[in-house]
Amino acid sequence: MSVTEMFSYIQGFLSADQDVREDIRKVVQTLEQTAREILTVLQSVHQPSGFKEIPSKCAKVRELFCTVRTQIADLKTKFPMEQYYRFHEHWRFVLQRLAFLAAFVVYLESEALVTREEVAQILGIEVVREKGFHLDVEDYLAGVLIMASELSRLAVNSVTAGDYTRPLRISNFINELDSGFRLLNLKNDPLRKRYDGLKYDVKKIEEVVYDLSIRGLAKEQESAVEK
Amino acid sequence: MSVTEMFSYIQGFLSADQDVREDIRKVVQTLEQTAREILTVLQSVHQPSGFKEIPSKCAKVRELFCTVRTQIADLKTKFPMEQYYRFHEHWRFVLQRLAFLAAFVVYLESEALVTREEVAQILGIEVVREKGFHLDVEDYLAGVLIMASELSRLAVNSVTAGDYTRPLRISNFINELDSGFRLLNLKNDPLRKRYDGLKYDVKKIEEVVYDLSIRGLAKEQESAVEK
Amino acid sequence: MSVTEMFSYIQGFLSADQDVREDIRKVVQTLEQTAREILTVLQSVHQPSGFKEIPSKCAKVRELFCTVRTQIADLKTKFPMEQYYRFHEHWRFVLQRLAFLAAFVVYLESEALVTREEVAQILGIEVVREKGFHLDVEDYLAGVLIMASELSRLAVNSVTAGDYTRPLRISNFINELDSGFRLLNLKNDPLRKRYDGLKYDVKKIEEVVYDLSIRGLAKEQESAVEK
Amino acid sequence: MSVTEMFSYIQGFLSADQDVREDIRKVVQTLEQTAREILTVLQSVHQPSGFKEIPSKCAKVRELFCTVRTQIADLKTKFPMEQYYRFHEHWRFVLQRLAFLAAFVVYLESEALVTREEVAQILGIEVVREKGFHLDVEDYLAGVLIMASELSRLAVNSVTAGDYTRPLRISNFINELDSGFRLLNLKNDPLRKRYDGLKYDVKKIEEVVYDLSIRGLAKEQESAVEK
Amino acid sequence: MSVTEMFSYIQGFLSADQDVREDIRKVVQTLEQTAREILTVLQSVHQPSGFKEIPSKCAKVRELFCTVRTQIADLKTKFPMEQYYRFHEHWRFVLQRLAFLAAFVVYLESEALVTREEVAQILGIEVVREKGFHLDVEDYLAGVLIMASELSRLAVNSVTAGDYTRPLRISNFINELDSGFRLLNLKNDPLRKRYDGLKYDVKKIEEVVYDLSIRGLAKEQESAVEK
Amino acid sequence: MSVTEMFSYIQGFLSADQDVREDIRKVVQTLEQTAREILTVLQSVHQPSGFKEIPSKCAKVRELFCTVRTQIADLKTKFPMEQYYRFHEHWRFVLQRLAFLAAFVVYLESEALVTREEVAQILGIEVVREKGFHLDVEDYLAGVLIMASELSRLAVNSVTAGDYTRPLRISNFINELDSGFRLLNLKNDPLRKRYDGLKYDVKKIEEVVYDLSIRGLAKEQESAVEK
Amino acid sequence: VQERDGSANSSSPVIAAFKVFQQELDTKHDKYERLVKLSRDVTIESKRTIFLLHRVTSVTDPEAILKEAEVKLEGVRQKIGQIAEELRGEDIHQFHRAFTPGIQEFVEAVSFLHYIQHRSLISLEEINARLVFMRAEKGSAEDLPPGAQVLTFQVTPSDYLLGVADLTGELMRMCISSVGNGDIDTPFQLSQFLRQIHDGFSFIGNTGPYEVSKKLHTLRQSLGKVEDACYALKVRGSEIPKHMLADVFSSRSALIDPEEGVI
Amino acid sequence: VQERDGSANSSSPVIAAFKVFQQELDTKHDKYERLVKLSRDVTIESKRTIFLLHRVTSVTDPEAILKEAEVKLEGVRQKIGQIAEELRGEDIHQFHRAFTPGIQEFVEAVSFLHYIQHRSLISLEEINARLVFMRAEKGSAEDLPPGAQVLTFQVTPSDYLLGVADLTGELMRMCISSVGNGDIDTPFQLSQFLRQIHDGFSFIGNTGPYEVSKKLHTLRQSLGKVEDACYALKVRGSEIPKHMLADVFSSRSALIDPEEGVI
């Protein structure tokens, strides 16, 4: 084989790789678009009027996740599944955003922490790497931490909207999350950095609860509800 | 599953990942050591006295590649093969160095361009990803480009050692390489940058050939050899 | 001695240094793990239910400090003591965390500022550098400042838990700390930066006290206690 | 002990530390001044006229090293010797420059590689850490690498000054140095980076030797000398 | 003049400059020490017990300003007065702190805004650049802004100490200040940033006043005083 | 129009912009491919055998420029012509390469400097911005400078191929170019940097001419030709 | 005398060509410099207008200030007219980097004024509609066809977005000082408006120009500050029955009036 | 109507004081802006002078170019005069950041011209001596005492050093083109001169301003390029007897003359 033949042959490899990346990039762009649409729907919960509409908004989001699943299904066809990590960087960012959105919608519906399994199911992907396109544990955790910071905003805005009991529930939830994270031996930098931000969210929510309790607002509303 | 349980479970994943990386790092260190030893042996060809010893040096290097194969065999046991690209960064640098050393020794032996298959065989690895630990085409090409710059040095030192025909052969070889690379549609940055360096090597070697021909040295020796 | 011999000899030095660092890193990891466990125990004081359990939590923490002492004893065996500052960066971070945890537990037990001597004793190390592995004054101060910020959180959460007198005591304590720090001629950057954070803690706690006094809550409870 | 007393006591520690650093900084400034003077003397060897004056310049430099020894002796009095690494950063830079200057002057005098022992002796310090203020092996190596780059300049300027044999001797010397460094398992970043620069020096000097040999200049002069 | 002479000559300039800066730095350190002492005296006004002692504290501070004047007199001797801005950075920070302290003491004495002329007089310096060491308008304004933030703290602590009328007076004062600052066209410089902080002080004080009014506390006390 | 409508409207702009850029990028890729093909054809002139084939190679290149014109015609349809500079960065690089290739082929054919008008004609574009897709003067000049460096290589390789008169002609040509560039007031921009490279090309060619003159090779051949 | 270059050597076609290049390049560079200077002027005057507008929240007769701001912005508009004059017949993107800082600051100022007057976001079209200039050349005006007398300047969507992103910082400042002035409606209005802008930007996300993504963080911070301010108002106001809230503020004003000594 | 601020409220001493501050700050800021603009002009014209001077190595009658450069620099000098006018009575360090880029570029240009004319380094004093301006005010001139008519501008040692550091880059370019023009003396002269400057800077080392230390690396690179050029000349020249070297170059010129077709 001459040098020229050898290089023509190599060019084949390189072109194929570039084509794959190009394909992936395109699908990822559509995913990002859908993720942004979901975000826009969910962000309305921060508006005073948005609190009553949580159920309808969640329903709307659940529908949009159908689109996400279709798009991810499309993504899966673009590369051999065993090479997940070769192209990981392309979808890592959007996958974390989607994990956050799934976690947020589940929280709004049930006030519970979404499991990795649930996120995987919502996105139509796997938990175990061997079974196919999956959700890396780091990406799941990153999504959860993004939600934590959204929840601290929600605690503040709940009060503005006159809902004085939600912050207490958020506070308990976030504290539990914090304990969970303290079990982890985080090394990898971006996750560690995000986790450091959680401390501020915890503190912020505690101050909201404080403001409510010193004015007797939390209890007041609770007993009003009880009656 | 409680939040705490969930996080303990996740902690398992993270620790395992860190252990794997630690193991890989250690084996890669031994590989780097061997690569440095091979380089030291091959460096001697730049010495005036080194030209006659090329065959014996190459033999010595071939032996050291046995050690490399053992070490890479060890490396393969440290992680699930399908996750090659997850840990690629750990061995990419040393693999390119080894590809360079393999290419260099083959050139010294036969003045031919090593194929990817040959490099893979010398290192005891695969060419096709599906078959196991393999040599990425980019890493092979990076190795070839490092060799090109070593050859421009060799052209210079050949003249110092009084060998006036070698530079011409190197010049032809490098020109062929350059044409080969021009066939490639390089996008990815580090390789492209390395390839830009090739232009300087081509130019340098042309200047050596120029120096020889303006003094009539190249022809002179050639005809001496012919006689 | 030839150049080669000289460099082989030097390589010995370098390898030894790298081995020491590797050993230190491993022990420091176990220390970080224990520090995180202690933190988890102490974090519960921020929970409404946690206030009554302070004594039992403190006892638990005291036990965990036994582990810390063992681990630090292990750390001491890893390098010649006179080279403390050569490797200081490796344990500085965790030592400051441990100083904070010691200071916090002492505060919870006695509402007094831990002395450097006490911290050293809790960690099983020295105060005076000449005597062995010691606690640098800067690291002690850093630990104290981390505690100050934890106390401002505690003041907020005390109110939530219905304890209206603790914030006043914390306020006095923090004010005294602030005066103490104002005696220091701080030059070195990281400590100075942390100290700037103390101002916010002072202000935050003053606002808590303000909230209590404008509502007559502080006095009320106090007189209730007196009766 | 009240908080105020405690902090006054701590302020004592901090002031002492700051005073020590201030003292060290002043002596280091005088050392830098002398190092710059030595450099100015040695740089004249690059001037065409400077080649003949090498012996007298070296003598001058040897005298200036007396001043260096006095200044280092002064430096030693400024801090407890066991805290060498606590303040290492203050003198590390100048010590590497001085090691370079010592290596350069020894090379100019004898064309040999200075040993760590010799550098230590020229600077009036120790090799072994336990004996007192010493020369760290990394700092010695850094000095040697700075010299290598100065020698590649010297090879170029020797030719300009009409001395065609010196580049060959420099080439051999640098090659030996390069082999030496290849024995080392360099991890620490700044030294590794400096060593990467050595490759360019080697290449540069080889090209000088090439230019001389293709014109028969090296041999010509050598034989002239022999006669 | 040869190149060498020229550089020696310039080196003279540079050394002289460094010496001047060194001298300035030392005096500035003593100034910072005194400023910290003044601050410690004034900080006591935030304590419940401190309110009655305001006159005696102010007297004490006035004495300490004598020391400041002596130290600034010393500072003036360290450099040619026309080069004020060459070295401005060295004392800018402490001068702003001193302007703040002067403004604070004047406010405590008379509840009026100190003029630039008064600050200058208290510090023993000039207002007009041409007359000598002077107080830049930006530095005066920075000092005033630091005081504003101290006053918002004072408003909070007044309530704690049971003084319900002071916050209203502070509120009016700060509002007037705010109107003043709105007249200025600030660039995106440090002063602009500080001024942004003023808005938070205004807001904080407004909230205190608001808290007092909804409880009728302000009026109550006022009428009590009137009676 | 509500804020939401406004942002949707803007989003429209942005999406359209991205689509245009994507389209441009694709056409530019085909242009780059053709440019590489032209380069490969022209590179053969550096080979000893290539000198005689210059006319046929030039003819081949002229044909390839037809493809270029078609591709540029396609490019023109991708965006509104008045927004040339908005997307300039996308094709700037390849346009400079094409200007170089046009300049090189014209030089090989006629040993004259291509004019901007000719380049524009060869590429099927305009010279004047108002008339449509045009060739910026900076891009034309950049192309000319790339050619200059190619010519210095050609001068070296001409000698190797035994053509001793070409270097002289190149030398005159390059000197004239250099004089031309000296007329320009270049900013510290990429063109300035490239122009600095021209000085090295001039120097290199000058050295070749010098090498020929001291050996009387240039004259010799010339007179041989004359005879 | 032998001459290898230089002015005398004008017979060389190369040199002749390069003399043309020289002029073309110099002309372009000079124009660029003039645009940079105009942009700096636009920036400074826009910033001053913004400062002026912040005064509006604390005076009872804001009309005078709004009038003054309009006058200032008319001055800025004239400067932009000069920019447009420089760009006449040029491709504006060629010189965009020279004047983009000024234009962004102008968008910030003009949209701030618009918000204060209309409590809504000014659109890109509205801004561009104001940047139509009539050429006032002496004498020659009547000779020209009517179309040639009109000069327009088009703010790009990017510059508009970047200006609006900075506007949010000013709105945050305005919110904080409204609270400080006892104004309890403005903060809630502002928080809704800012949330809409924020949601708009996050809808655009990373599809916009790179500089916009960079500013998203600051925008989030500003929104957070405004949300916190509304929260604090709500929490404090919660301690008394809602209908008394306005009374409290008006009575507070009444309370402090005598002490102010003005009016 | 209640008024909590604003123009009407001028009886307040605080407001009155702040109106004074406003004017003081605006005046200072405006002056700063004018200085920035002057500095940009100085930079551009200095750069053009440097470019012009590079032509000197390739023409036989350099006097015309030197004359032209002097005229250009006189223009720059006038601009610096305007800077000095702005700084009259001010502490120049207060506005130093506004004009330092222009002054450094001026030092570069003026020292380049000086090297070409005198083959030596212009001193700081010589530069400053040229920056003395006579005030040419109409009418009022005779009323002023003689001293008041003289205005000086003092380049700081830092700016001088930074300008000279950049000069070395231009000298390197000049060296390379000298070789390209067959001039074999200039490179050797330049290498000695550059080495002296380099040694001077390394003598100053890190005691100078921070920006100088940053430029040391580029300076070393320039020196390396010049030393390499001298080396190449020497090595190639070694192949023939030294006394023939000049001949080779002149004969080469002779050789190519006919082909050039000019003179």
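Each chain carries a letter (A, B, C, D, E, F, G and H) given by its place in the written order, and its residues are counted from 1.
The working rule: a residue touches a chain if its C-beta (ideal position, glycine included) is under 8 Å from a C-beta of that chain, and two chains touch if they have at least 3 such contacts.
Which protein is which chain? UniProt says A, B, C, D, E, F = Translin.
No experiment lies behind these values; they were computed from the predicted model shown.
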Pair sharing more residue contacts (C-beta pairs) when E-H is set against E-G: E-H
Inter-chain centre distance, chain B (Translin) versus chain F (Translin) - centres from mean C-alpha coordinates, in Å: 34
Centre distance in Å when chain D (Translin) and chain H are each reduced to the mean of their C-alpha atoms: 35
Chain B (Translin) and chain H, separation of their C-alpha mean positions in angstrom: 49
Inter-centroid spacing, chain F (Translin) versus chain A (Translin) (mean Cα positions, whole Å): 50
Interface hub residues of chain G, defined as touching at least two other chains: 4-6, 9, 12, 29, 55, 58, 181, 199, 203-204, 207, 239, 260
For chain C (Translin), residues contacting two or more additional chains: 179, 185
Which chain pairs touch, all of them: A-B, A-C, A-G, B-D, B-F, C-D, C-E, D-H, E-G, E-H, F-G, F-H, G-H
Residues on chain A (Translin) engaged by chain B (Translin) in the complex (per definition of touch): 1, 3-4, 6-8, 10-11, 13-15, 18, 82-86, 88, 113, 115-116, 129-130, 137-138, 140-141, 176-177, 179-181, 183-187
Chain G contact footprint on chain A (Translin) (complex, rising order): 32, 36-37, 39-40, 43-44, 46-48, 153, 156-157, 159-160, 162, 208, 211-212, 215, 217
Chain D (Translin) partner contacts - residues on chain H that touch it in the complex: 191-192, 195, 198-199, 202-203, 205-206, 224, 227-228, 230-231, 234-235, 238-239
Chain A (Translin) to chain C (Translin) touching residues, read off their complex: 175, 178-179, 182-183, 185, 203, 206-207, 209-210, 213-214
Chain G contact footprint on chain H (complex, rising order): 1-7, 9, 11-12, 29, 33, 36-37, 40, 44, 55, 58-61, 64-65, 181, 253, 257, 260, 262-263
